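Chain nomenclature is as follows: A, B, C and D, assigned in order of appearance, with residue numbering initiated at 1 for each chain independently.
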Amino acid sequence: MSHSSQLALLRSMLRIRRIEEAIADRYAEQEMRCPMHLCIGQEAIAVGVCAALSKGDSVFSNHRAHGHYLAKGGSLNAMVAELYGRSTGCCGGRGGSMHLIDLDAGFSGSTPIVGGTVPLAVGAAWASSLKQSEQVTVVFFGDGCFEEGVVHESMNFAKLHKLPVVFVCENNNFSVYTRLNERQPERPLYRVAEAHGLAAYTGNGNDVEEVLAISRKAVGLARQGQGPQFIELHAYRWREHCGPNFDDELNYRTAQEIKAGIHDCPIASYTRKLEKENGNIHLEIERCEAEIQREIAAAFEFALSSKKPSIDDSQGKVYA
Amino acid sequence: MKHRDITFAEAIREGLDQSMEKDPRVIVIGEGVPDPKAIFNTTAGLRDKYGNRRVFDMPLSENGMTGICIGAALSGLRPVMVHQRIDFALLAMDQLINNAAKWHYMFDGKASVPLVVRMIVGRGWGQGPQHSQSLQAMFAHAPGIKVIMPTTAYDAKGMLISAIEDNNPVLFIEHRLLHQIKDNVPEEYYRVPLGQAKVLHEGDAVTVAAFSYMAVEALVAAKALKSAMGIGIDVLDMRSVRPLDVASVLNSVRKTGQLIVADTASRTGSIAGELISQVSEQAFDALRTHPVRIACPDHPAPTSHFMTRHYYPGPQMIADEVLKMVGADKTSTNYRELCALMLHDGPHDAPNRGFTGPF
Amino acid sequence: MKHRDITFAEAIREGLDQSMEKDPRVIVIGEGVPDPKAIFNTTAGLRDKYGNRRVFDMPLSENGMTGICIGAALSGLRPVMVHQRIDFALLAMDQLINNAAKWHYMFDGKASVPLVVRMIVGRGWGQGPQHSQSLQAMFAHAPGIKVIMPTTAYDAKGMLISAIEDNNPVLFIEHRLLHQIKDNVPEEYYRVPLGQAKVLHEGDAVTVAAFSYMAVEALVAAKALKSAMGIGIDVLDMRSVRPLDVASVLNSVRKTGQLIVADTASRTGSIAGELISQVSEQAFDALRTHPVRIACPDHPAPTSHFMTRHYYPGPQMIADEVLKMVGADKTSTNYRELCALMLHDGPHDAPNRGFTGPF
Amino acid sequence: MSHSSQLALLRSMLRIRRIEEAIADRYAEQEMRCPMHLCIGQEAIAVGVCAALSKGDSVFSNHRAHGHYLAKGGSLNAMVAELYGRSTGCCGGRGGSMHLIDLDAGFSGSTPIVGGTVPLAVGAAWASSLKQSEQVTVVFFGDGCFEEGVVHESMNFAKLHKLPVVFVCENNNFSVYTRLNERQPERPLYRVAEAHGLAAYTGNGNDVEEVLAISRKAVGLARQGQGPQFIELHAYRWREHCGPNFDDELNYRTAQEIKAGIHDCPIASYTRKLEKENGNIHLEIERCEAEIQREIAAAFEFALSSKKPSIDDSQGKVYA
């Protein structure tokens, strides 16, 4: 992989991280008044998968969508404005953090009913298959989501019709504060997908190049008409399930576990790797950081100076 | 225009056929759609004509398949999905209510879900507790969804076409006992607007607003009342549950001052209650007496035909309520004539004499 | 008896605790039940006390888990299941409506389903279109199910205990804004019967029948109307959606002649409509003027706090409707005092000043 | 296996066959006025599985329940009366063919919403596990039902809590008139169950001894606390999906296919096998046939002379 491609991956992860950190920092100001699920620690999945997609491809996502949205090229301004509930938000304020959309960027929508968008992605893939378009559709969801029957129904139909859809399961071992072993028997998730007949892969969700490599393969096969693909990626959520803070005090995971999770930081480890391969990239990173900070500042300014929706804006567009 | 009587089921088939012919984005999917029975013949021949890339059977995965159809609708197709019984659609409530109904609103109009879901309300021949619910009120509580219940073959075709052309999720609810009823249906492609009641019979005494098959029953009552007792009533076929055409009912009630609402559902929480409430809220002064609701009792539908005989309200109950309202004499010979006119031809639990079950 | 104020959430916890203590068949299950946040602290400590064979977390499988709880209920357990948001229960409609509601009836009383499902209605802090629906009317349309919505901490505990002792499926709907409201709650095990409205405030001018959190809002309006304008109204906390205590409302309406129904749901198809309809059907002559429905508008709940401010009806709307009914003057200084008395303390989208989100 | 055990299996299959044939014959009289799904051709599954159960075990079933109900020991009189809609029916006429129950016999209920009883069975097994009883619960369902998400949700929970439940999937290759290959990708169903972590088996549903052998093993393991078991059995439905008749004229399956299906008759083949092993059993069979015919005649007489429910009987018992 070229140095510039590698830097682009790093930059994309860093950008998501910094944006979410900025959101977390400002959350306490009480102006972003909606539930928010940060993906800090899981950026490599969003970035690695989306790097394997082209603009015309479609992505659906869930409650933890900021990273997916940004990695796919969703407008930062429209996202931040949405968190602030402003008229310039991607849903005009109607959605908030849990409802993102940017059709120009191929980000088809994220919603917080767990499992809700999984069949939608299959339906989008079905449409592109019937239209014989080149489009591949990706859906991001979590290990908890895998427990929803609708996921299995979706895989069955996707395989039956050999649809160009890639299921990306982010396994962070938790559904809210409940561990996988209180919700599922011990067996690999991706094996169930395999038994449904899907091509299935598993990998380290902290390794952006590994994610990209698996995704390239899966997306390529899907595009070639080889049918649905399933990728299970392991990662770790650093902060609380919902909200801006760390949650060490809740004691549902040990300090040691959190430390280990943070130690596997996809950004830090990738930075180390790039430095090992390419020598010092300190300056490049600094430039990125500066650009990102400028972009973030502008986005918050955009949001805060945007129109506040009125009662009229909350009405209408109930029916198309 | 040439007069041509075809059944409600044939009208649906023709509506599907012409929609598919006209718009290549229309696809049809459902359990049994291409099978030999073709959903009571409403999808017969479609696969032969449009091929297996537009006409699909589907796995038994109601929630998943609804979501898949929503995804397809978001991506430019116009799916028509079919459930052989509305009861099965309860499995798909999540996708219908959380996604289909809200997508357009919550994404600020950036996308829409042009999806039609046909749902068949079972009745007769021991359909029983899990195969003969009439659930329109549950679905109609969700803003963002349209729920329609055509009664005549003419409306079935025209409203199906409008539903397919509509950019919103439209639930098209068909009562099983309507499928074999014939009506004059034009051969060409035509639309009947969604959300408007239709006057089936006119009179000054009482307004009867009826949904789906109950409009058929109300018309039987209206004709009998007229001919046996000289009592004229307005019968409105509501045709749509959401939007609910309250204005038409108000119009009629302003004339008659008395309202009966007849619904296919079980009583409490039915859309009949909603309509009565809206009329009471909006035209209280026009009402001369208390409105009346006619609906199924508040228990699940039993299976035994010995019990279904009393489960479903029919023309007799409607006529009796009308007579109560107008203060007519039920001991007269005219009343006996009225009752005779309303007698159902054939067994009460089958659509017609020739029927030998099951369905 | 010792006066003791505890919150609605604590009252639920205590009700669960005492039910589990009393009856070893009671088990509690739900996403997050044993987690550190313990469903807004309503299940705190239960696992420590009763162990992991009676207190369970569960997979994200709402329909399956509901069926599993029904199966367990049929087999002698008395499960209490929890959904953090009622919106998730839409996934379980099939099991709730097709199985739980009908099992006792369709098997001729041979078995019953003593199941409680707690469902939380979200509101505030940008819960948005998929996390703040108020779906009681959908569930309440099914005969065989009970749907209750306690408002006070006292009732939360007593009705939860009654629900757990009840041999039928009972949906126990909790409004999120009630959780932190305190009330005098006895320490001992006690029952509050299901299906009865409670008079929260008395007066002759108007009847306000309110559901769940709207009863809190109605009480604010009632007190302000009394103190600022000297207008007395009946406030009925309906407490139960099915059965619906129409008799109590009729009693009050026979006195006041005027009816307002305030609901937490979106307007069309709401249980408020059902109640208005039943009152209009049964006590038309007692009504002096048209009944009024107060509910959320007919669109999904937006997320932005700039928009939710206008989405939810509150005491002001209730008071204004009362004033319209009694023909009171809205230009007086008394009216300004009334409005001031009803001002909400703190941001409109948070339960109190201290709250910093999210929930 | 002893000769008498073998004869008991044969007799049990024959009994189900003859009862359903009698129902089919009389259906045209229009007095059994409800939908009816006959299991003619699939008797070996009901009989083989239930022979592995004890009376205290529990069975749930679906729309095609006659065989399961009878094999588990459900009252024939109460079933036939139920088909006739009489007060003496097992549901007092409220249920009809698609709703059978006989709690004394451990037949916990059958309903026609596909998939509806699958989680119920898991719940029953959960209850017995929590009560530390010996009971095993079996649920019968079809290949179509396997497409319902709730089945996967149920398997997940059953395995998670190691519940004593046996999933019996009757794969007759059809869901109504739709073949498996229009509904599911090509892959064995039982493999999906295996991927969920269940012990899974497959076998010839026309061979009653094979069914029994697999069931004994599965039920035994379930009873020993080894967790949920999954059995996929292949069989063939001879008659129309719903209703009393053959349906050759519908042409969704070839005459040849139907012929082959009928050729594999579980009763005929088992009779041949027993004759091969034990010599002529003609007389024994004749005795069975005569007993069965007497029992059937009595059951129909019972039903037809039973009280017809009144409007009062259709009310009440809405709430317990």
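In the analysis below, contacts are C-beta pairs under 8 Å (C-beta built on N, C-alpha and C of every residue); 3 or more make two chains touch, one makes a residue touch a chain.
Only a predicted model underlies this, so the values are computations on that prediction, with no experimental measurement involved.
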| item | value |
| --- | --- |
| Relative to subunit C, chain with the most remote C-alpha centre | D |
| Between subunit C and subunit B, distance of the C-alpha-averaged centres to the nearest whole Å | 32 |
| Inter-chain centre distance, subunit C versus subunit D - centres from mean C-alpha coordinates, in Å | 43 |
| Mean-CA-position distance for subunit D and subunit A (Å) | 46 |
| Computed distance of Cα centres, subunit C from subunit A, in Å | 36 |
| Multi-partner residues of subunit D (at least 2 other chains) | 91, 94-95, 99, 111, 113, 116, 147-150, 152-153, 156, 160, 182-184, 318 |
| Residue list for subunit B, restricted to those that touch at least two other chains | 58-59, 61, 63-64, 87, 91, 94, 98, 105-106, 128-130, 143-144, 298-300 |
| Pairwise touch network: line, ring, star, complete, or other | complete |
| List of subunit A residues in touch with subunit D within their complex | 147-153, 156, 159-160, 182-187, 191-192, 194-197 |
| Footprint of subunit A on subunit C - complex, ascending | 31-32, 35-37, 57-64, 87-88, 91, 125-131, 297-300, 302-311, 347, 349, 356-359 |
| Touching residues (chain side subunit B, partner subunit A) in the complex | 27, 53-54, 58-59, 61, 63-77, 94-95, 98-99, 103-114, 143-144, 146, 167-168 |
| Residue ranges of subunit C touching subunit B (in the complex, touch as defined) | 63, 87, 90-91, 93-94, 97-98, 101-102, 105-106, 128-130, 133, 135, 137-138, 140-141, 143-144, 242, 244, 265-266, 268-274, 276-278, 280-285, 287, 289-293, 298-300 |
| Residues of subunit A touching subunit C in the complex | 27-28, 30, 33-36, 85-86, 89, 91, 93-99, 111-116, 144-145, 147-149, 175-178, 182-184, 242-243, 250-252, 308-311, 313-315, 318 |
